[in-house]
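Just so it is clear, A, B, C and D label the chains in written order, and each chain counts residues from 1 on its own.
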Amino acid sequence: MPEVVVSIGPHHPALKEPVNFKIIADGEKIVRLELDLSYNHRGVEKAAEQRDFIRVLPLLERVCGICSHSHSTAFAQGIEEIMQIEIPPRARYIRTIIAELERMHSHLLWLGVAAHLIGFNTLFMWTWRDREAVQDTVEEMSGNRVHYNMNEIGGVRCDLTPAQVNAALARLPNLEERVNKYVDMVNYEETMLLRFRGVGRLSKEEALRYGTVGPTARASGIDYDTRKDDPYLAYADAPWNVVTDTNGDVYGRTRVRVWEIQESLRIVRYCLENLPEGAIRVPAPKNAPKGEILSRYEAPRGELAHFIRTNGTDRVERVDIRTPTLANWTSVAMCLVNQNLADIPVIVAAIDPCLSCTSRITLVENQTKKAGVISFDELIRRYRSRNPEEV
Amino acid sequence: MTGPLTLESIAEKMKEFGVSEQARKNRIRVTTTPDKVHDTIRTVQAMFGFDRLITISAVDNTRTLELIYHLTGPHRIIVSIAVELERDQPAMPTIFDILPPAGIYERQIHDLFGIVFTGNPNMKRIMLNEDWPADEYPLRKDWKPDPDTFYGGIKGERS
Amino acid sequence: MTDPVFGLIYIFIFPGFLFLFIYALFFAFLDRKIASRMQQRVGPPFFQPFADFIKMLGKEVIDPAGVDRVIFDAAPLVALAAVMTAYLYVPIIGNSPLAFQGDLVVVLYLLSLPTLVLFLLGWLSRNIFSAIGGIRAITQLFIYEVPFFLALLTPALMAGTWSISEIVLWQQKNLWFVFLQPIGFIVALIGLQAKLERTPFDIPEAETEIVAGPWTELTGRRLAIMDLTIDVSLVVGSALVAALFLGGPLIPWAITPAWLEGIICFLLFLIKTLAVLLILSSIKVATGRIRIDQLNDIGWKYIASASLVQVGIVLVMNYLWVYA
Amino acid sequence: MAVTAAGLSQRLVNWARARSPWITVFNSGACNACDIEIIACLMPRFDVERFGILVKGSPRHADILIVTGHVTLKQASRLRRVWEQMPEPKYVIAMGACGASGGVFHGLYHMMDSVDKVIPIDVYVAGCPPRPDEIINAVVTCLNLLREDALHGGREWRKKAVPVTRTEEKTCGVIP
């Protein structure tokens, strides 16, 4: 059978975000692929240089709708360190609660989307129904469902009342029960095992070599978790474990994610029960002194790094956002070769790509699994001239 | 390496490459020159096990362009290797051959700052759209959009 | 089939095409409703498939560039005509008046046509997703068709006839085939699920991989007619399985007024087809989609072998019991 | 309307259109928040299938195009192509602050700032991101628009009309 070029995206039902894959397939097998991620580039980093700290936080939240708290916390954390102010413990705990709720909602969302990608709509519906409980909690605490806007330089914007804490605690048992059910489903549901097992496998060495982060790395057996390595917020206090798995395939990544939901539930429960009393913010100066910091944060998708340089004014000189998805793209391109056409969405989704975070392009690779050699110009041109009918 | 890895031992070793300073509890910053970056990374990789590239940050401080390579390893110490480049015709040897994830970061910096990474096999446009003018780098401080230039989108049909 | 008026009424109104149209849309609604309820949702209102159908009829029809319009218009009609014809041979109120020796083969043949049409549409669309979907449809056809046919032919082997009506009569005298041939029944259900391209066998139209497969470029009335074709196939397939394995719409004793017997037979038809639909919908809700290579594996390794085993058992049973 | 066969069938089609709006979602470079809120609409809590709303993958099958977010330069031509692929009658909903004006990203270098610079919009939804309730409200507004368009025989009447001021349409407006 001759090779066919399948252009997936930028508008495609499997992709909730604009990205373009050009897949050269031989029948149902992928020979090589070309990824193009620049549809989402907005220039947030440029905009961040032109706004003061107060206005940068909402902007950075809108880098990505799913991990909005991650971006603003990473930035606020960095600026606070440059300003050398210590936020009160209550603020630290509230930030942790929101961060872990965000991780829960993100992982539940991912589980649903992964199920949808293999056509298992029932699990999709169920996880999203349970996700609404998390969303309700966040909405009660912050007033928003998606962009929480909880952070300020020097603390958090609003306090948690005892009623909110109790309401959140009341929701947890039900959620724990449902998550246990999903753990069972992920481990024993037959069609999911068929589709997830052995797909997109990354060995530990490959995962290290291609610099994977987050659940992708942890599924390959690397205990790389910024929350443990470089504890921030309340992670040093709360009892929790780094979850790892040795499978390294999509199945392993799924297992890591559902187990991480369980760990997040433990952290949230601990933080809610041991919420310290006191102020929720300290006054922060308007200008930050000259300095630079690499602020690391474990977003739901992996390690998020904000490199912040300040220059003594109320604006940053440069904020460089390295999103977890960008770090994982190289490994995705490696995983995809010689896989089945039907597995593309699953493999790509397995790193939980957050393209609006990433908004960048990556590489193409060929059959020999040699890293990143690209020769797709000619192909794209030929393809475009032949069939512009991309959906 | 025998014994626990300390920042002092790294700083000691880094003396031959440039000035090093401790930035935080487990962070170290090494300032070096562009031609030594490759060797520095190779050295920290081989001697101290810094096998993970967190990111390459680029900063335009209006005089020069700075590149900062952040690396870490199983010991979770972060080393930041900083270099400065001139603003016109900046070029830099790639580290793609020793750290494959660097390819993506280098392409992105090339797009936004115009730094050419010599030796990277795929120094093509990645971040900006296909109609973007070739020699405009939006994240440089002195860049301003030119009202007469077409930057992409839909031509002549903006209402 | 002596009275022409009766024949016309039978074919066009009840239980012919008009009833079929309504029942197929009702079936589609029920399918969606069952799925919704299992997913803890409210689900669509009862007129939903009808509204969808009318709306699609009223939409603009777009011809993709370079497509042969005549074939593109005609192909869905051919598919619909095929499944509607197949419907006439399936017993609904008592046995079909059009029945003849060998109508089982005709029905099976006509039920295969929509898949071929889908392949044709995918091929003609000049869209890469459609083409892949079409190829997948035809690949899937080669996988499920053999076990499906074997499973549906085992009742014929045991009853010693190629007519659906006579198989139903045989079951009236003896026992339902679902008890005699449980393996065949299961294989038939799986085959029907695959034929109708429903999860876990919705590989040709896998939304998250290839948009909508062969359906991608269909618009307006073509889409409406293809949708209706699939709904009708669901009815015909369920009715066929109900007739071959669940005893069809016949009761083992006679009831004196003929019209009362007709009504009871019709109710039996409704109950049995709905039972089959319930099973099919449950399978659809409870599974994810498998890959085409996995389907190939499972199909030829297990499902085909199971149907062959069933055929063997039937031959042995025939030798020992039926013709002894 | 006189009771004729043509009139009846037209009314039937209008009825059906209002009860079976199929939507397709186009992410023109948004931050995902709008997209996940749209998916949240499909979920058991909001369940838009009870109104007949289905999300379709192919724009060829869709009646309503929901554009989430500001339009990046690269997505502009793709957005227009997707819009052109949709069969008539088609309606466009712009989601959120970004869809209306660019939101926090207004004026950045890689942006078109708003969706109406690329394709005509029928309904705007406010919010960043809009809640699922508001998205459903927007679709309902869109359907009201569809009915009125059918009464006026096309969408030209809206060019002269004043903005609709009904109480339930506080969050969504119609282009005057």
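To be clear about the criterion, a contact is a pair of C-beta atoms (placed from the backbone, for glycine too) under 8 Å apart; a residue touches a chain by one contact, two chains touch by 3 or more.
Every value quoted in this text rests on a predicted model; they were computed, and no experiment measured them.
The pair with more inter-chain C-beta contacts, choosing from B-D and A-B, is A-B.
Look at where the CA atoms of chain A average out and do the same for chain C: the two points lie 44 Å apart.
Once the centre of each chain is set as its mean CA position, chain A and chain B turn out to be 23 Å apart. Chain C has its Cα centroid 61 Å from the Cα centroid of chain B. Contact of a single residue of chain B with at least two other chains is seen at positions 128-129, 138.
Multi-chain contact residues of chain D, defined as those touching 2 or more other chains: 43-44, 56-58, 72, 74, 85, 109-110. Of all residues in chain C, those touching 2 or more other chains are 39-41, 207-208, 211, 216, listed in ascending order. The complete set of chain-chain contacts reads A-B, A-C, A-D, B-D, C-D. Listing the residues of chain C that touch chain D in their complex gives 32, 36, 39-45, 47-48, 50-55, 57-62, 207-208, 211-212, 215-220, 223.
Against chain C, the residues of chain D that register as touching in their complex are 12-13, 15-17, 19-20, 22, 43-44, 47, 49-50, 52, 56-58, 60-61, 63, 85, 87-89.
Chain B contributes residues 23, 26-27, 51-55, 57-61, 68, 70, 76, 78, 80, 96, 99-101, 103-105, 107-108, 112, 121-122, 124-129, 138-139, 141 to its touches with chain A in the complex. Of all the residues in chain A, the ones that touch chain C in their complex are 4-7, 12-14, 28, 115-123, 125-126, 129, 189-192, 194-195, 340-345, 387, 389, 391. Of all residues in chain D, those touching chain A in their complex are 25-37, 39-40, 42-45, 55-59, 70, 72, 74-75, 78, 81-82, 85, 103-105, 108-111, 128-129, 131.
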